[in-house]
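Quick one: the structure is below, questions incoming.
As written, the chain order gives the labels A, B, C and D, with residue 1 at the start of each chain.
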Amino acid sequence: MIRAGIVGGTGYTGVELLRILALHPEVDVSVVTSRGDAGARVDAVYPSLRGVISTTFLAPDTEILLDCDVVFFATPNGTAMQMAKPLLLNGVKVIDLSADFRLKDVVEWSKWYGMDHTSPELLPEAVYGLSEVNRAAVKSARLVANPGCYPTSVQLGFLPLLENGLLESNDLIADVKSGVSGAGRKAELATLMSETGESFKAYSVSGHRHLPEIIQGLQLISKSTIGLTFVPHLTPMIRGIHATLYAKSNASLAELQSIYAQRYADEPFVDVLPLGSYPDTRNVRGANTCHIALHQPQGGHTIVILSAIDNLVKGAAGQAVQNMNLMFGFPEEMGLLTLALYP
Amino acid sequence: MIRAGIVGGTGYTGVELLRILALHPEVDVSVVTSRGDAGARVDAVYPSLRGVISTTFLAPDTEILLDCDVVFFATPNGTAMQMAKPLLLNGVKVIDLSADFRLKDVVEWSKWYGMDHTSPELLPEAVYGLSEVNRAAVKSARLVANPGCYPTSVQLGFLPLLENGLLESNDLIADVKSGVSGAGRKAELATLMSETGESFKAYSVSGHRHLPEIIQGLQLISKSTIGLTFVPHLTPMIRGIHATLYAKSNASLAELQSIYAQRYADEPFVDVLPLGSYPDTRNVRGANTCHIALHQPQGGHTIVILSAIDNLVKGAAGQAVQNMNLMFGFPEEMGLLTLALYP
Amino acid sequence: MIRAGIVGGTGYTGVELLRILALHPEVDVSVVTSRGDAGARVDAVYPSLRGVISTTFLAPDTEILLDCDVVFFATPNGTAMQMAKPLLLNGVKVIDLSADFRLKDVVEWSKWYGMDHTSPELLPEAVYGLSEVNRAAVKSARLVANPGCYPTSVQLGFLPLLENGLLESNDLIADVKSGVSGAGRKAELATLMSETGESFKAYSVSGHRHLPEIIQGLQLISKSTIGLTFVPHLTPMIRGIHATLYAKSNASLAELQSIYAQRYADEPFVDVLPLGSYPDTRNVRGANTCHIALHQPQGGHTIVILSAIDNLVKGAAGQAVQNMNLMFGFPEEMGLLTLALYP
Amino acid sequence: MIRAGIVGGTGYTGVELLRILALHPEVDVSVVTSRGDAGARVDAVYPSLRGVISTTFLAPDTEILLDCDVVFFATPNGTAMQMAKPLLLNGVKVIDLSADFRLKDVVEWSKWYGMDHTSPELLPEAVYGLSEVNRAAVKSARLVANPGCYPTSVQLGFLPLLENGLLESNDLIADVKSGVSGAGRKAELATLMSETGESFKAYSVSGHRHLPEIIQGLQLISKSTIGLTFVPHLTPMIRGIHATLYAKSNASLAELQSIYAQRYADEPFVDVLPLGSYPDTRNVRGANTCHIALHQPQGGHTIVILSAIDNLVKGAAGQAVQNMNLMFGFPEEMGLLTLALYP
């Protein structure tokens, strides 16, 4: 039984961590912090957790986290980079669900996130927590940068093609659609039900913060230069990301299908659907699974890869627990074997 | 490990049974039937079950169910009453999620369901599976009539008041709102997204089939005659039932709150919220829990009881598994300890 | 052609006024104010108005409104009562869509709205703008208090029964369900899509601000004392209110239907549906219509009245334009003859 | 005043035609047919039309349509091609909202629609009713093939670039998202709210029937060969199509914006938004408008064109009325000046 702390427990990734960890057989959630809800019972803010979480939100403070074995940061960007160091020095492992440790290039990071990085010295050791790529490194990491939701869906979709050099890596398109919970639990006009319900739009086409993260990830896998057009969209649902990926390739669909099936055969949380399938976000809602399917319209050279995840699970909290399992030597699927909530 | 069969596996209650039973540590789902999908892999119809269910739908037939320890009927009304008898005679326990065994009065049943009952001789022994009322009888039952979704939310809401004779039982109102999954997985105009999305309406005000079931249940608890006005509504969401119940009482709110808290103190799946709370269906979505809260507007004599369940879980499949646990001596909560999916 | 001003143009009732008035043949919208968006083009904030509204939001100020013939207040409570007087003194007619002039009893008003009323001397002359009751008074009014959304749906539903003294007026129940746009266009956690989508709950059962308004309205109609239990609910859709009203009556359904049909026969915006009908909020979405249907479950003494409106139209902006038409001698339906957007 | 007939009045495009035509000052809807609802009052099936449509559905039959000046086919594919000829011979103009007359190549048509074409001799004279391209021809047409919803959004988006030869026409991608009303008003499992709500998926990637229609349209405009990858998606909302279009171009964004603005300057129903904008389907919901915006991510050679329409209006019934206006010499915008329903 390890002791876990959650910093930023009142966002959607925070409460999703609580949902998963509350039933994890090897984890005791000992500290949950929240600046805004400090002093309130966790289950008063989240009645869905009544009966399993009896703690109270504490104000965030490094001191109260030092007894933890692992601390999850489910905070806005800029918090984890300030609190991680003392925790690491005290032997506490850190899993950051924000973007603070995702980019290796600190200049690039500052450009996209609009602030100076306060712990650039930690960037080299931070392991990018996409276990399908970095499993060995995650196992021995003390600091894991948990991937973003869009980057998870896009990287898992392109990965096998890039590893095999089977596509034109300088001409990739990722047209990705996200449910509104990806925007977080913040009082904002833009994500009101009256603003987002029954409507669909693109946003941040000129440049979304997840773009450099995706390119960095794909670049590591590929031998050639990555050229990627990434267009995120807001779709009128709460959970789910669906990536529609376009790439040029001379390989046949059967060949590609076989490569994907083999590449992910041993992955517990990536599922390559049979030819002709369409991933539907509802089929992964609440689950840590990524569904992938391949298509080759009209037998041409454009390959269409469809990938679906739950942005709060495989795109955030579930992946974080998967990383925790690896870091502590637990079975990778422990606590994550829930099924999608359909319908 | 017991062997379970599911008849009618392609409706929403059927697939919800599969979702729950697939992870139940004491159950092996050995047979799943479907008239329409016979021959298809279950996980081809329901990709959300990939990795945990590897069987194929079989055509419904009593013979193939005889090896089961328990058979769940997730069928339209009129099927279970025809297949239950041979199963019971062969020692197979039966849990019927349809309405076939819910009413004790066979004439009343025929009137509401528009057909003759083919097994009236089984009605006396059928136990109404609301474990909060009939736990002892459920434990020794071989045939359980699983309550309807509306009746579960209404009965759990009125129960403590009626048991204590603290209200005018001849003047009850149940204004209940259901998500559209309650209408089942059938190709029908009325439940298309374009017909039900972004809209709200009442239906069956002149008389819904769940009315006699509710009255029968309340009558058993109460000493006095039950007079109930029941108005069901369709609300534009997939899962969830919210009952708003009105009754006249001279008791104080504090007194009532205490009675409810005590009545349900040992119930694993009924949770009386603190005074001033509002049950929200999202907080029980996917969980087998019923959230209840009491209000007394302007300190008057009208008591407002709010009760929320997931119609497919506590209102159907979850309650069925709860009954199965009792019938087989498993811990009542086994396999049902999932948390609501919020947001 | 009259000149209209809108104070508070960036809320949902404000933009709905713009949608309706932009196409009204006798109205020129000359001033639109907004504290937060002052300086921005109206159609930059609301691209749905591109091509028909070319003005810019101005900071709210009485001076710029003095040239108007009519000013609509689509503001939070507490603003209109401060700005109405100078406008009226300058011959500008005022239609207040907020609650400032709805209650005649200033003490009651202060109790429910938590502030002192700054213009109590205007309350006696303010006409409650439910034209189905007060048409003559509205025609000659210079200050109209536009009814709230809940009060409109409830009063229109109970009106004919109360006028005829055909029910027990001290035992009324109004179980009312609203779409989330009723909560306004404000950056708040509670109305995020992730918080309200796919979920249903009651709120303000202990006392909603619309309660005294409804009671005042019903009391004026009825000879006897009104006793009302009012429970509002939030339903996961954007527009629409559905009221389910319960009353005791000894009249037959046929008799009641005839009374309703006659009472509303000449009303352009109240439509009594045939017996057996169910009003569906989608059928009035975007229209200024109230659909009403009557039911008498099991032939008993409880009458169930169903009433549906679009909260932003007949419940706010449409009704305000209806009042404006009356005040300026335009045909009552002018500019309001749009059909509901189905599906 | 002309007399209009609608064949297939009980689908979503049929009822949308009724919504628009009921208020059109120059049109009397004299005949509405429906195979399934023959004999029923139109406003009993569609209460949203109460008060404006008082006719009864008739069984479809050419005879009863001969007195019409224009007949709209809002039927499944395969009906209009059988009934159009006798109507045309009797001087009745025909606007077909189905796909029967959209493709010039009858072999291609049979391949995609799976049946023989019964009136191939009419194909040459049928005018493709995209008035932004074919306005002159529409004016003098007696048979108009109304464009499909996807093709409208995609063609309007690519049009100015293709006309100017400013892109690589053999490498186009159209990633398009549609609300579920596009699937029609049919009793089908796939479009139940429980199946499509809160979920997102692609479909028909291997080849959607709108693909040859789009390619034919683009080919007519372009000098070079069209190569297009078209991926349609189902998004959990009722109305709306959002096309995200990708093309390679060496032109600058400013240059492109200027070309689009000029090309559509005189078009009443195509609106090029300012640079930096994002079309949102809610801003055209219920309106006959197409909103377009251009983006050039990271200043590269990939141009992203965003285009939004209401699939039932500019993508079907509204465009059909626009065509009717042109065919009968009415102002093009007559009856179509409604504003989008926001929120």
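We take it that a contact is a pair of C-beta atoms (placed from the backbone, for glycine too) under 8 Å apart; a residue touches a chain by one contact, two chains touch by 3 or more.
Here the structure is a predicted model, which means the values were calculated and not measured.
When you average the Cα atoms of each chain and compare centres, the chain farthest from chain C turns out to be A. Taking B-C and C-D together, the chain pair joined by more C-beta contacts is B-C. Taking each chain's centre as the average of its CA atoms, chain A and chain C sit 45 Å apart. Centroid to centroid, with C-alpha atoms defining each point, chain C and chain D lie 36 Å apart.
We define each chain's centre as the mean of its Cα atoms; on that basis chain B and chain C are separated by 39 Å.
With touch defined as above, residues shared between interfaces to two or more other chains in chain A number as follows: 12, 181, 185, 194-195, 197-198, 236-239, 279-280, 282, 285, 343. Of all residues in chain D, those touching chain A in their complex are 173, 175, 177, 179, 194-195, 197-203, 205-207, 227, 229-231, 233, 235-240, 242, 244, 246, 276, 278-282, 285, 295, 297-298, 300, 302, 304, 306, 308, 343. Taken together, the chain A residues at the contact with chain C in this complex read 12, 180-181, 185-189, 191-198, 236-238.
Of all residues in chain B, only 12, 15, 19, 22-23, 46-52, 181, 185, 197-198, 238-239, 271, 273, 277, 279-280, 282-287, 289, 291, 337-343 touch chain A in the complex they form.
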